[in-house]
Amino acid sequence: MYLFEAEIIEKWQLAADIFRLRLRAGEEFIAAGRPGRFVMLAPVGGLYDPLLRRPFGIVRCGDGWFEVVIKAVGKGSRNLVGLPAGAGITVHGPLGNGWPQDESGEQPLILVAGGIGIAAIAPVIFARRAESETFLLYGAATKDELVLLDEFTTHDGRGPQIEVITDDGSCGRRGLVTELLLEKLEEYPGARVFACGPEPMLKGVQKVLRERDIEGWEGWLSLENRMACGFGVCLGCVQKTGSEPETKTSKVCTEGPVFAAGEVIFDD
Amino acid sequence: MYLFEAEIIEKWQLAADIFRLRLRAGEEFIAAGRPGRFVMLAPVGGLYDPLLRRPFGIVRCGDGWFEVVIKAVGKGSRNLVGLPAGAGITVHGPLGNGWPQDESGEQPLILVAGGIGIAAIAPVIFARRAESETFLLYGAATKDELVLLDEFTTHDGRGPQIEVITDDGSCGRRGLVTELLLEKLEEYPGARVFACGPEPMLKGVQKVLRERDIEGWEGWLSLENRMACGFGVCLGCVQKTGSEPETKTSKVCTEGPVFAAGEVIFDD
Amino acid sequence: MTDLSLELLPGIKLKNPVLTASGTFGYGSEYSPYFDIAGLGAIVTKGLSLRPKTGNPGVRICETACGMLNAIGLENIGLERFLEQELPLLRQAGARVIVNFFGNCLEDYAELAARLDGVEGITALEINISCPNVKAGGIQFGTDPRAAAELVGAVRRETSLPLITKLSPNVTDIVEMARAVVAAGSDALSLINTLLGMAVDLRRRRPVLGNLTGGLSGPAIKPVALRMVYQVTKALPEVPVIGIGGIVTAEDALEFLLVGARAVQVGTASFINPRAAAEIVDGIGSHLDSLGCERVTDFIGTLET
Amino acid sequence: MTDLSLELLPGIKLKNPVLTASGTFGYGSEYSPYFDIAGLGAIVTKGLSLRPKTGNPGVRICETACGMLNAIGLENIGLERFLEQELPLLRQAGARVIVNFFGNCLEDYAELAARLDGVEGITALEINISCPNVKAGGIQFGTDPRAAAELVGAVRRETSLPLITKLSPNVTDIVEMARAVVAAGSDALSLINTLLGMAVDLRRRRPVLGNLTGGLSGPAIKPVALRMVYQVTKALPEVPVIGIGGIVTAEDALEFLLVGARAVQVGTASFINPRAAAEIVDGIGSHLDSLGCERVTDFIGTLET
C-alpha cells in the first residue's frame, strides 16, 4: 500500500463526462496494481471540499504511470476530472483484492461491463490479450458512453470478442447486457464470468449465474459501495455476504471489491 | 455592481507568492472600476472550501480586461492564484468608494504603499501618469516583495518619482516607509497623501499626518478589514470611525475602503 | 409550471417558499441591484431591537471549514429608523416583510412586539430567542424551554401579527423547545439559528473573534439543520416550520422541503452570491416542473423513510 | 527539541498528546503499514461491546460539506475477539492502548468495565456514553446529566483503570455534563463525539443513510468542538480534557491544546490520510520548537483572552 502525490501526466476526454487520467507512479506501485484493484484519489491542496478520497479502478499500467477512467457524477469525481494536466493528485493504493487470477488462462472468460463498470473490466482485457476466448459484453445507456473500445484490440488484431448493447439502441442491439450474458453462457456453459456495473445489472448477472447452477458458480462481481477510507478502518463500505442463515458483513474495500457472485446478498 | 463569471486570460508570477491575474470583463464594469475600488472573487465550481469570496483591489484596466495582484497568504488567496489561465473566477464588483478624485490634478500627491498595499496604490499611478508631482514611497519586507515597479514608468519616462525602502535593506534604504513620508512631507507640506498597507503602517501614517496638523489632514487610508459580503449586508467589516466622543462604526466595504485619515480610529 | 405559492400560515399566502434569513439580507434594499426582491416569498429583516445597537468590537467574522463564524453582536439601526427609513423602502419595492426582533429582557421583547403590532406592511414577526436574558444573569432564553415559553407568551399577548419563533440549535432536545414555544402561542417555527462555535488564531494565540465565540453558519451546519427540521416536523406535523441552515442551492432548499419544512430561508449563501435566493426560487420551480409536480405543497414532507 | 511527553493523568505518561479517535483507527494494526503506531500518544480502539455487533444495514456513510455522516451502528468484534486477537497485536506493536467501550444498558457497561479491569496492556478506558439506554426507552445516556452520572458511577465501581468519559456535543450545556460525570468518578473527559445530523437523497426522496440520521464529523465541526473544549477546560481547569473534532493538521491540534486540551484525538482525518496522526505529532513538534517552547505542557491552555 502506497500513499503518494502523483502528477497528472496527461488527460483525455473519452465522453461528455468521462475522462482518462494518466498519473505518475513508481515501479512498486505498478507491480502491485493487478487487475481489479483500485486507488483512493484526492486532489493535492489541503482544501476540505470534497473531503474524502474517492475510489477508482486501476485501468492500465505502463512504465512509470497508471491510468484511471473517471466518470464525473458528483462533486468528488467532477473535481478530479477538472484538474489540468500537471496538477497533483494524492494516491492511496493499490487497494482491494482484484479479480481472481487465472492460472491456466485456458478457461473461456466472459467479461460483463455496464456503463463505467468498464473501468474495472478493462485491466483484465489488457492483461489477457495474449490469451484466447475472452468475450466482452458491454452495455451502456447510449453509444456516446461506450469508451475505450478502440483500445481493446491490438494493432495485430488480438483482443476479446466484443458485443455491445445499449439502452437506446444507438450502438449494437437495444437491451440489457444480461441478455447477452444469457446467450453467451448457452454457447460457453463452462465459462468464468467477471462483471462490474450498476447494482441492478449486478443483480441481473447474479440471477443468470444462479440459474446456471454450476458448483461454485464461476462468477465474480466487482462492487462499488460508498467508501470513506478504502483500507478497512471505517466500516462504511460493508456488504452483506454469505448465504442465509449464515450471513455476515464484509468490507468491500479489503475483502473485495471482487466477490464470488454467490456470496453477495443484495438488498431488494 | 456586477456579478459575473470571468476567464483568467493570463497569469504572471511577480514574486514567490504574488501573482497578477488578468480577467475578462465588460466595458461597463471597467468604466466603473476607478482607482481604489475592489472586487470580491471566488473560483467557479460550486465547492464550499473556501466558502466566502475574498476582496482584491482593481489594479489596472484595459480593453475587455482588468487585473488583480494577489498575495497568497491563506487558503482563499492561495486557491485563487493556483488557478490556471483559462479557468473561471466569479467576480462581484466594482465595490467600495475608491480614492477621492483629484479634480485639478495639480496638488502634489504622495502615495504610500506597504507590501501588497501596492495593489491599492498602483491604479492611482496608472491613472495619474500624465500628471506631475506624484511620489511613490514603497516599503516592503525585502527586495523580492517589491512588485510592479517596472510598470509604473512609461516607455517615454512618465511616472511617479519612486523611493523604495525595505525592512532588511535589500533594496533602497533600510527602514520603514513612514520615515520616507516624514521627509517627503517636509519637502511638500501641502501634498495629499494616499496610503495602503498593513495596519501598523497605516497607524504610522496616521500619526505622521496627525502631527502635520493641517485642517482636514489631506490624507486617505485604504483599509483591508476582513469581509464576508463586500456589499454592506453582513456588518462583518466595520471600523470604528469619527473622533471621540462622536464615534460610530462604518462599513469598510461600502463606506470605504478609503477613509479620510483623520476619521479612522484604530484599536491600540 | 409548478405553482410555487403556498400558505405559510392561514391567510398568509407567499409567492414561493423562499425567504431570506435575518442578518444576511440587510434591510432588503441592498439586494435590489441584483434582483427584484418582490419575487421572493418574503424578506426577513436584520434583527431589530428597541434602540439602535452598535454590535461587538474587534474581528466579527471568520471563515471556518465550509462555514463561517459571526459575532456581529446584533448591530442594528433600532426600531425607529427601521420604521421611518427601511420599511417604506421595502414596501415600495413590493416585498413581503417579516420583521426579526430581539431584546435584552422580556420587557424589551414585549414592547417591541407591541410597537410593531398593527404597523402596515409587516406580514409577520420572527422572534429571535437566541439571546441572553440580561435581567436573569445572562441565561439564554433560547436554550431553556420554560424561559422561552414565558418569553413567547409575553410577546404573544402584545401582538396580533402571526408569530414565528426562531429556535436555537444549541439544545439537547429541539422538539421540547418547539413544543414549549408552540404551546405558548407561536404560530410557526424557524430553525435553525447558528451553532455556537469558536476559532483560534494560532499565530497570535488568541481567539479570532473579538467576542471569543460566534455563531456558525453555512453549508457545514446543513446536516444538523436538516435533522432538526425533520425531528420537529415529524413531532409537530401541524406546525409550519421554516428550514434554515447552509442552504446554497435549489437542491439544498428542496431537501428541507422534502423533510417537511413549509418554507426555507437563505442565509450565508447571499453573501457569496447576492442572487442566491432568486436563483433558488427558479431552481425549485424547474426541479418540481421536471418532476411533474403541480404544486410545491404536494412535494413538501414527502420524504420516504 | 520540544519535549512532547506529558502526563495525561497522574501516572499515565504519554509520548505525546496525539491519540487516535475511536472508530476511525480500527484496532490499530490496519495503520501499521503506514507508520509506527507506537510513536503515538495512544491508540483509542474502535468502540467495544460485550458481544460482537453487526452494525446498521444500508448506506452507512455519506459526505457532507467539509464533513461526513456515519451510521456504522457501532459494529465491532466484541470483547472476546478483541482480547484474543487485537489486543496482543497492539501490545506487540508497542502501542499504548485506550479501550473505548459502550453498552445497551447500564449493566452491560458495568460488566465490560469489570472484564477489562486488570487486563494487561490497557492504559485506560474511554466510555462512550452517546448511546441509547435500551432499558430506559432509548433515552440517551449522553444527553442527560443524571443518567450519565449514574452510568459513569456504575462503571467506576467496576474498574481501577483510569476512566475517560467521552461526551456528546448534542447537549444544551456541555459544562453541566462534564461536571456530572467528573463528580461520578470520571478521571478525564474526551470531547466531542459526533453531532447528530441527517442527509437527504433528493433524487430518491429518501434519507441517504440507512439509519436515517448519523454522526457528523470532520473539519465542519471543529468550531463547535473548540468552543466546547474551551468551555469545559475553563470551568473545570483541573480535569484533563482530550480535544476531538475536525483535527486534520498540526495547526488544528495546536488550537485545541491552546484552548486547554491536554491531548487530542485524530478521527476522520485518518481516513483521508492514514499517516495524519503521525504527521500531526511531527508538526506539533516543529511548531513548538520554532516557538522555543521547551515542553508541550508549557503551551497547553495558554490562549490569551
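Letters A, B, C and D name the chains as they come in the text, with residue numbers starting at 1 for each one.
Here is the rule we use: contacts are C-beta pairs under 8 Å (C-beta built on N, C-alpha and C of every residue); 3 or more make two chains touch, one makes a residue touch a chain.
In this text the structure is predicted, and so the values were computed from the model without any measurement.
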item: Result of counting contacting C-beta pairs for B-D and A-D, higher pair; value: A-D
item: Chain at maximum distance from chain A, centres defined as averaged CA atoms; value: B
item: Mean-CA-position distance for chain D and chain C (Å); value: 34
item: Rounded Å distance between chain B and chain D, as computed from the means of their C-alpha atoms; value: 47
item: Rounded Å distance between chain A and chain B, as computed from the means of their C-alpha atoms; value: 53
item: Shared interface positions of chain D, touching two or more other chains; value: 65-67, 218-220
item: Residues of chain A touching at least two other chains; value: 46, 48-50
item: Category of the chain touch graph - line, ring, star, complete, other; value: complete
item: Complex contacts: residues of chain B adjacent to chain D; value: 48-49
item: Chain A contact footprint on chain D (complex, rising order); value: 23-26, 30-31, 33-34, 54-55, 57-63, 65-68, 70, 72, 75, 218-220, 248-249, 268, 270-275
item: Interfacial residue positions of chain D with respect to chain B in the complex; value: 65-66
item: Complex contacts: residues of chain C adjacent to chain D; value: 64-67, 69, 143-144, 170-173, 195-200, 202, 204-207, 212-213, 216, 218-224, 226-227, 230, 246, 251, 254-255, 258-259, 302-305
item: Of all residues in chain A, those that touch chain D in their complex; value: 1, 3, 42, 46, 48-53, 76, 90, 92, 226-229, 231-238, 240, 248-249, 267
